[in-house]
Amino acid sequence: MDFRAIIASHPDVKGATADRLIEATHAALHCAHACHVCADACLAEPMAQDLAQCIRLDQDCADLCLATWSLGTRRTGQNVEVLRQLIELCAKACRMCAEECERHAGMHDHCRLCADSCRKCEAACRAALAEVH
Amino acid sequence: MDFRAIIASHPDVKGATADRLIEATHAALHCAHACHVCADACLAEPMAQDLAQCIRLDQDCADLCLATWSLGTRRTGQNVEVLRQLIELCAKACRMCAEECERHAGMHDHCRLCADSCRKCEAACRAALAEVH
Amino acid sequence: MDFRAIIASHPDVKGATADRLIEATHAALHCAHACHVCADACLAEPMAQDLAQCIRLDQDCADLCLATWSLGTRRTGQNVEVLRQLIELCAKACRMCAEECERHAGMHDHCRLCADSCRKCEAACRAALAEVH
Amino acid sequence: MDFRAIIASHPDVKGATADRLIEATHAALHCAHACHVCADACLAEPMAQDLAQCIRLDQDCADLCLATWSLGTRRTGQNVEVLRQLIELCAKACRMCAEECERHAGMHDHCRLCADSCRKCEAACRAALAEVH
């Protein structure tokens, strides 16, 4: 799936693909995946209960990443103010999830890989803000 | 489904049900339904293309209402700052969707009913903020 | 939110509201809520790890209930065969989740209440099949 | 995001990564994206109303792809029968969406690209069934 090619074919886009926004929606979709796996993997760890806060932040982050992907992908009509604030909030949720996962990164590879995805998504969201106005 | 009874049975709630937050998640779930129906009904109207902005705001509002319901319902662990900002953003998305739907309320009953749900959800979200800290 | 009134205003419905389908989408939305709360509450129980299978079935059931609500609510265009099979699958996921929750119903009120919602949604889905053809 | 690496770190996986299932969840997530873009792009086309059935199948397919991704990614606990039927249903929804999109593929690049994603996801789902038992 080439995320840019299909957006470029949208009749209202006309060359203004907003590539950093496309990258942010791509990063958000993949971050949702990492958080979804990490929450499920934490639940199967022997010390699952000690990971309850990690599971919570994973799940919240996955929900916000999916919402950011969904709104950020729409190009018909406009909802700029809401989209901007959602992207900012997604970056914050990613940062908080990354910070929690990083505390367990030495012990659990799923936390380490999830933290990486969250940091990438946080950066992609911040970069995308320049294109959402 | 009694939204309050099942939350009251959560082991971490211990009497602190936060009833206005429960009402906000209930309003958000029902507002997501109204927006989902309104978007689909607009698409079937003879002048669908004139309703493209209404469909956009309906869809964005439905996504944010579902995210608000999902995060606002979790009681294991904590994510207060993100939840607060999401509830505020949901209230804003509801207000913008209501304003657009109200422009078509005289013509389309689904827009009138959707605007009602959005206004109720906006108010419920604002009331819930007092309990999220 | 009156689920029937807003569907009745859809331009393609013209009186054919399919009330049992509306009831099934309503039951599915509320069952998604019950499963979402139950999964989160199980995670906070002292014996969370013993409830991992319950959490899994809750989460899967919530996902299928939301998908059933989403597809079952659309009235523009047609996708009858897919919708029928999804409603049947939702009924099965509800039955399996109910059976698991019933095993813990004496111990956890959230499991008892979730099982009730799953049984109601299962019945509503089966009743709705008569209207989806 | 390496979809395989993070699944391999799940404590219950222990080498049994089920690579074709991972590929199916990856294809489903990307197909959900293509369908989401195609539905939104169809809405912006001058003849949007003639594309209402395409939008409907896109939206239904996106919902089922996201559900398939979500259930197919979980590795804690078991829900084999429901997962199998969901993957089969996802393949069917992809096939139907592809057939509709292919009718407009000569006119709209988003329909052509969406049909490609649907065909890939359909094939990936069918291949994954060998690993879900």
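As written, the chain order gives the labels A, B, C and D, with residue 1 at the start of each chain.
Following the convention adopted for this analysis, a contact is a pair of C-beta atoms (placed from the backbone, for glycine too) under 8 Å apart; a residue touches a chain by one contact, two chains touch by 3 or more.
A quick note: this is a predicted structure, and the numbers were derived from the prediction, not measured.
Engineer: Just going by residue numbers, which of A-C, C-D or B-C has an interface where over half the contact pairs are the same as at B-D?
Structural biologist: A-C
Engineer: Going by C-alpha centroids, which chain is farthest from chain D? Tell me that one.
Structural biologist: Max centre-to-centre separation from chain D belongs to B.
Engineer: Contact counts by the stated rule: is the higher one at A-D or A-B?
Structural biologist: A-D
Engineer: Just how far, in Å, is the C-alpha centre of chain B from the one of chain A?
Structural biologist: It comes to 21 Å between the two C-alpha centres.
Engineer: Please set out, as single numbers or ranges, the residues of chain D touching at least two other chains.
Structural biologist: Counting only residues that touch two or more other chains, chain D contributes 43-44, 46, 52, 55, 66, 70, 74, 76.
Engineer: With touch defined as at the start, can you tell me which chain D residues reach chain C in the complex?
Structural biologist: 52-53, 55-57, 59-60, 63-64, 66-67, 70-71, 74, 76-79, 81-83, 85-86, 89, 92-93, 96
Engineer: Sort out for me which residues of chain D touch chain A in the complex.
Structural biologist: Chain D reaches chain A through residues 1-3, 5-12, 25, 29-31, 33-34, 36-38, 40-41, 43-46, 66, 69-70, 73-76, 108-110, 113-114, 117.
Engineer: Which residues of chain D touch chain B in the complex?
Structural biologist: Residue positions touching the partner: 43-44, 46, 48-49, 52, 55.
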